[in-house]
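Naming follows writing order (A, B, C and D), and every chain is counted from residue 1.
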Amino acid sequence: MSDAPAPPLTAIPPDIKALADYERRAQAHMPPAAWTYLQEGTGDGVTLAANRAAFDRIGLVPRVLRDLRGATTHIELLGRTHAAPLLLAPVAYQRIAHPEGELATVRAATAMGIGMTVSTLASVTLEEIAAARQAAATELGTAPAPLWFQLYMQPGREASLALVRRAEAAGYEALMLTVDASIKRSGFTLPPGVEAANLRAARPTQTAQPLGRILFGTPLLDAAPRWEDLAWLRAQTRLPLLVKGIMAPDDALRALDHGADALVLSNHGGRVLDGMPAPIALLPAVAQAVAGRAPLLLDSGIRRGADIARALALGAAAVLVGRPQVHALAVAGMAGVAHALLILRTELELTMAQLGCPTVADLAPDRLLTAPTPVEGEPFRHSPRA
Amino acid sequence: MSDAPAPPLTAIPPDIKALADYERRAQAHMPPAAWTYLQEGTGDGVTLAANRAAFDRIGLVPRVLRDLRGATTHIELLGRTHAAPLLLAPVAYQRIAHPEGELATVRAATAMGIGMTVSTLASVTLEEIAAARQAAATELGTAPAPLWFQLYMQPGREASLALVRRAEAAGYEALMLTVDASIKRSGFTLPPGVEAANLRAARPTQTAQPLGRILFGTPLLDAAPRWEDLAWLRAQTRLPLLVKGIMAPDDALRALDHGADALVLSNHGGRVLDGMPAPIALLPAVAQAVAGRAPLLLDSGIRRGADIARALALGAAAVLVGRPQVHALAVAGMAGVAHALLILRTELELTMAQLGCPTVADLAPDRLLTAPTPVEGEPFRHSPRA
Amino acid sequence: MSDAPAPPLTAIPPDIKALADYERRAQAHMPPAAWTYLQEGTGDGVTLAANRAAFDRIGLVPRVLRDLRGATTHIELLGRTHAAPLLLAPVAYQRIAHPEGELATVRAATAMGIGMTVSTLASVTLEEIAAARQAAATELGTAPAPLWFQLYMQPGREASLALVRRAEAAGYEALMLTVDASIKRSGFTLPPGVEAANLRAARPTQTAQPLGRILFGTPLLDAAPRWEDLAWLRAQTRLPLLVKGIMAPDDALRALDHGADALVLSNHGGRVLDGMPAPIALLPAVAQAVAGRAPLLLDSGIRRGADIARALALGAAAVLVGRPQVHALAVAGMAGVAHALLILRTELELTMAQLGCPTVADLAPDRLLTAPTPVEGEPFRHSPRA
Amino acid sequence: MSDAPAPPLTAIPPDIKALADYERRAQAHMPPAAWTYLQEGTGDGVTLAANRAAFDRIGLVPRVLRDLRGATTHIELLGRTHAAPLLLAPVAYQRIAHPEGELATVRAATAMGIGMTVSTLASVTLEEIAAARQAAATELGTAPAPLWFQLYMQPGREASLALVRRAEAAGYEALMLTVDASIKRSGFTLPPGVEAANLRAARPTQTAQPLGRILFGTPLLDAAPRWEDLAWLRAQTRLPLLVKGIMAPDDALRALDHGADALVLSNHGGRVLDGMPAPIALLPAVAQAVAGRAPLLLDSGIRRGADIARALALGAAAVLVGRPQVHALAVAGMAGVAHALLILRTELELTMAQLGCPTVADLAPDRLLTAPTPVEGEPFRHSPRA
C-alpha cells in the first residue's frame, strides 16, 4: 500500500454533515507525518481531550416561542462587522494539507464572509494571500472578509517590525500576537516544497526546543518575548492588536494594560503544555476580571455551532477554529473550507433559534446549565477530627 | 441478506422483561432507515445519553413496613382520572414501525387504561384513531382511555384551527402544543405508503430546515410560532391546553401566563438540539418556579417504572414515553405496546411499594438521594492568589 | 460441553488471595441458572455496581508508628463477643452451591469464630444447622460462634411465631427480621432436591410477584408486614431483634421505637430495587440520626477488609457478607468459606495496622478522605439570570 | 518462546520521549515475576490508578511574557543545593532489573546531578554505591550528587544503629526512615543472585506478613516501629532525618515533634494499602498544618515534569520517582536512568516556562485549576424532609 495521500475531492460527499465528518475523512488526504503533526496534542493528550469534554459538560437551556424575525449572527468586532462570531485561527503550513494551502482557505473565508487569521508560518506569503482575498471578493462580488495577521515575535525587533509593515501594506486589518508557544518542543520535519514563506529571508522564528535538551540557562530564554515587547509592538502600529494565548485573569489585565485591544483565550489546541485546562473553563473568570474593557476571543475545542453559543454565553465575543479548517482543506480544498464554515454557521443559527436568541447579545449564562467545576487555588479541604 | 424487516411477532417472547428488551429486538422489525430515524439523537448524541444518565444518578431511598393496603397509581389530571401517571407521547408516522400504526397503539392504550397523545404527523387520521379507541373500549367493556391531540402550529392560523376543530369533533380531551421543534434539521424520507394523514390536504407543517443551509434571514423564521400564537390558540378552544418543550423556569411561567393548563418538560428525546440537559435536571427548578400553579409532565429518557417515581418525586404530575412505544409496536403490534405499558406500570408499583408510597402523592424528595448537579449561570469560580 | 458444574475442590488453589478470586472461580462450580440467580442485580444493575463503587470512592488515610501491641478486631455486640466485626449474611438455598449447603457454612463460621445468620429460606433446617455448629465446636475445641436466625414474616402470625420458637429452642442467639424484600419479582426455579427446609410444612413465605403482573389492588399487599408486626414480634421473644433492610434515617428511628435492638442497612445486594444507593452512602446520615441508641450493621458490597474498616469508620458496628460466602462455598465447601473469612479478617487487620488503629473503636472519620456525595432532597439548584 | 528477558539496550531508542515510553518497553527486559512485582499495586489497584488520576485532574494555568532569563530549577534542601526538585526514591533490589543494579543508578544520578536514595534492601551494599558515586563524579569532573540512605527499622535497635553508622561512614548525607510498610503482605521470591546486600549478616528486616495469616496477636506487631523509635533514632545521628510514609496532617506534626527534619508524603506507589488516596490529594492539608516548619517531599505517581510543578505549587519542596527509574534501568542501564532524569527535568523546565515561573518558588496555587475534591470526615450529607 502506498503512503501517498489521496488527492483532494472535487465535490463534497453527501455524508459530510458535521466537522467531525471532515476530521474522519481528512487522514486519507494527508501524508501520515503531517496528519500526526496536525492532530496530536502534547504530552499524554489530557488537554486535547479536555478541550472537547469541557464543552460537552455545558448544557444548553432553550427558550421557546420567541420572536426570531430579523435574527442575525452578525457582530461588531475591532471596528468592523463580521458575518458571524467566528474566525479562522492561524494555522501554519497549510500546504501540507492541500497544494493551494492558504490561498484556498482565504477564498473560502471570503466566500463565506468569515475572517481569516494568517499565520507568520504560512506556506504562502502574506501578500499572496491578501491578493487572493481581493481577487475572490471581486470575482464573487462581495466585500472582502476580515483578514488578520498572526505574529510570532522574531529574534530581532527589526524582523518583527518588517512583518508588521508588510501586513499593514498588504491591507491586513489586525495583528494577533501569539504568546503561548514561544518555547516548546517540536519534532516535525516539513515535507519538500513546504516552507515558512513569510520568512524566506530569515531563520524560522518559532524557537523550537529540541526534545530532551536542557532549556534553562541556554540563550533560548533570552530570545523569548516579554511584556516590554508587547508594549513596544503596541507603539509600532495603529492596527488593532490582539494577544493570543492568555489564560489567567491577571495576565488578561496585564495585556490590556500593555495596549492589547482584544485577547484570545487559547491553549493552542492542546499543543503546548499538557495539563492546561480548556480555555472555556477559564473564560468566566477572565471575563469577570476584564469586565468589558476589551473583547475576548477563544479557540481550542470549537467543533460545533453549539460550542460557539456556549462560549458567547460565557463572555466571549467570538471564537476561532484551527484544526477543522485543515481537515476540510485536505478533503476538498476551498469548497471544503467554505462548507465547514457554513456548517458551523448553520449550527450556530439553529442553536440560537432553539435558545430563543435572535442576536448573539442574547446569549447569556441563563441559557446554560453547567457542571460544578474546578476552583483555582483551592484544591483540597481537610477537616481534622473534631 | 435482504433488507426487508421481520414481520411483527404474534406472541410476546418470554425473554422480554423490560423496555430495553423491546428496544434490542425492534431493529430487526423495522427498515434500516426508519430505525435510524427513530433512534438517533441530533448532533453527537450527548443529550440522548444524558437523558438516561440523569435518571441513573438519582438514588431511590426506600421506606419499609408501611401500610400499602389500598395502594394505587391513579392520578387526577386535567379533569379526569388516569390509571397511572403515564401517557404515550406523541410519535409521528407510526406506520413505519407496524402496518397498523397508531391504530394498534390506541387499542393498546385503551386496553391498559393509559392515555395516548396523537401526533399531528400521525400516519393515520385523528378521526380513525378516535374511532379505534371507541371500538376497542366497547369490545373490551372498558371506559375509553384519555386521548389527546398534539398540535404543530401550521403556517396559517386557519390550518391550525382546522386541526383543533377536527380534534374537538373527534372527542380528543386535550391539546398539546409542541413548541420545541418548529425549526430543526431533517434528513429522513418517508417510505412509500406512509404519510402525514392529518395533513393530506395541506403541505407538511413542520418547517424542516435542509441540512447546511443558512436559516437566519429566510422566511422560515417568519413562520415559526410565537407567544402571541399561544395566546391566540388558547382563545380558540375550551380543551385543556398543554405546552410541550418547555425547559426553563421563566418560559414555564410565561406559558402559564399565556393560558397553558399544563406543561411538558421535554428535550424531544434528544432530537432537536444536542447539548440540552435532561428535562429531569431542570424539573426541580421549574417546579419551584411554577409552585403548583399547573401540573408538570415530562418526557425524554423514561425507560423504567423507577424513572416515573423519580420524576414524580421531583415534582412531575405524570410522564410520557416516546420511543419505547414504537419499539414495542414494531416487535409485537398492539400486544407489544400493551405489554410495554404493563411493564412500566408494574415496575412503578414495585418501586412505590419499596419506597413505602401507597399513592403517587407520597413520592417526594425524601425518597431520593441525588448527585450534586449543575448550577445555571454559575459555571466556574476563580480565586485569585491572595 | 456438559452443563454439569465442576465438583467442589478439595484443596484451596494457591492463586486465591482475595474474595474476587473465589468469585471468578465459582461460576464453574454452579449450575448456570443458579449462578445467574446468585449474581444478578435487579433491573439494569445500577445498584449492584454502586455497591462496589461507593467503597472505592472512600479513601483511607493511614497513621504511622502507632503502638499496635495488643491490637484486636474483637467487638462486643448484642451481649456477646465477636472475633471480628463481621458476620455471614443470611443467604437462601445454599445447597444450590454445594451439596452440604448451610452445614458446610456453619462449620466454617465456627472454625473462624465468625457469626452466621441462617436464612428462613435455608436449604437445611435450622435445627440441623444449630446441631452442626455444636458438633463443630466440640470437634475443634472452641466455643460455638454466634448463630442468628433471619426471619421473613410468614402470611400468618402463627407461622412466624413457630419459626421464632424453633430458633429459640435450637439456641439461636438473635433474630434478624428482613423487611426489604417482602414484595419483589422472582424468576428462579429451585433445582431438584433443594427446598426451603424450614418451611416444609408451609407454603414458601416470600411473597414473590410474578413478572409483569399488576401488584396494587391484589391480596399480596395485604400480606406484607407492617410496623405493627414488628411491635408484635418484639413482644413475642426475648432474643435480641435486628431489623434488616433499613436505609432511611427516619425508618431507623421508627424501627428503634418499635423495639429493634439493632439495624442492618442493606439494599439486599442490589436484588430488590434498582436505583437504591449503596448503604454506605446513607450510613453517616443514619448514624447521625440514631446517635448511638443502637448498633448499626451493614451489608451489600463488602468484598475487602478495607471495606469493613470504611463502614466502621462511618459508624457501623459490624458488617455482613452475602454472595462471597456462596462463591467460596461453591469452590471449596467448608474450607473455602473458612478461608474467605480468614482473608477478610487478615485484610481488616492489615488495614487497621496501616490506619494505626489497634481496636475497631479507633476507626473514625479522620481515617477517611471521601468524595463529595449526593444530598437527599436537594437535587438541583437554579440561579435565574440576575 | 523463551521467558528470558531481553538484555539491556546499549543505546537509547529514538522513540523514547517520555517516561511512559520506558515503562512500555521495560517489560521485555525483565523476568515476568520481577515485572509483576515491580508494577503491581496492592489489592484491586485503586490506589495505583488514583496516583496518576490525581495529577491529571490538576489543571495548569499558564502565565505569558514573563522574564525567564536566569531561570533555574535549583533548590536548597536539607543544607545543600539540588539541581532540581527531584530525587530518586528508594527502590529495593534493583539488580532484578539490570545486572549493575544500584551501581548503574547512582552513576546516572551523579551524571545528572540528581540525588539518589539508597534502599535498605538494595541489592548492592551501600558502601559500594557510595564508592561508585565518588568514582563517577571524579570521572565526570562534577560534584557528587546528593546521596541519602533509606532505613527500615530493624528488629533490634543495634541492627538499625549499625546501618546508620555504616551510612554515616560511607558519606550518606541524610537518612530517610520509611514508616509505611512495616507490616504488609509479600509474595515475591527474589531471583537467584539477588539479595538484600546490606543485610547479609542479618535476617531480612521488612516484617512481611504471609498471605492469609492472622496478624493481630502475633509477635510481628511487637517488632513494628513506634513513635518512640523515631525519637530514639533522632538522638543517634546528626544526619538530617526524613520520615517517609506520612499522609495525615496530625502525623506530620507528630513526626516533626519527634525530630524529623523533613517529611515524605507517600503511599508507597500503591503497594501497601489499597484505598489510600494519592499523596497529592493530602498535600495541601499537610502543608497547611506544617506551615513551613519543615520541607515536604512527595512520591507516588510522578511521571511527568508537569507533575513536579503541580506538587511544588501545592506545597512540596521536591518529589521522588520510584518505578520510573527501574523502567529506565531495565531498558538501558545507566544511560537509561540518566535519560529518564533528563526528560523529567526538561519537562519541568518547559512547564515552568509556560507557567511563567523562573524559579520553583514561583510555583504557587494560582498556577492551578483543580477539581473539587474529597473532604475528610464529611462523607455524606442528608437533608431530612422539611
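Throughout what follows, a contact is a pair of C-beta atoms (placed from the backbone, for glycine too) under 8 Å apart; a residue touches a chain by one contact, two chains touch by 3 or more.
None of the values given here were measured: they were computed from a predicted structure.
Is it true that over half of the residue numbers where subunit A touches subunit B are used by both copies, so same, or is it different?
different
If I superpose the C-alpha trace of subunit B onto subunit C, what rotation angle comes out, expressed in steps of 5 degrees from 0 to 180?
With C-alpha atoms aligned, the rotation comes to 90 degrees.
Cα centroid separation between subunit C and subunit D, in whole Å?
41
Which whole number of Å gives the spacing of the CA centres of subunit A and subunit C?
So the centroids are 58 Å from each other.
For subunit C, jot down the residues that touch at least 2 other chains.
250, 281-282, 365-366, 372-378, 384-385, in rising order.
For subunit A, which residues count as touching subunit B in their complex?
So the residues of subunit A in touch with subunit B come to 17-18, 20, 56, 58-69, 71-73, 249-250, 281-285, 288, 304, 306, 310, 314, 339, 342-343, 345-346, 349-355, 365-366, 368-378.
Once bound in the complex, which stretches of subunit B touch subunit A?
Subunit B reaches subunit A through residues 43-44, 46, 50, 179-180, 183-185, 187, 209, 211-217, 221-222, 224-227, 229-230, 243, 245-248, 250-251, 254-255, 267, 272-277, 281-282, 372-386.
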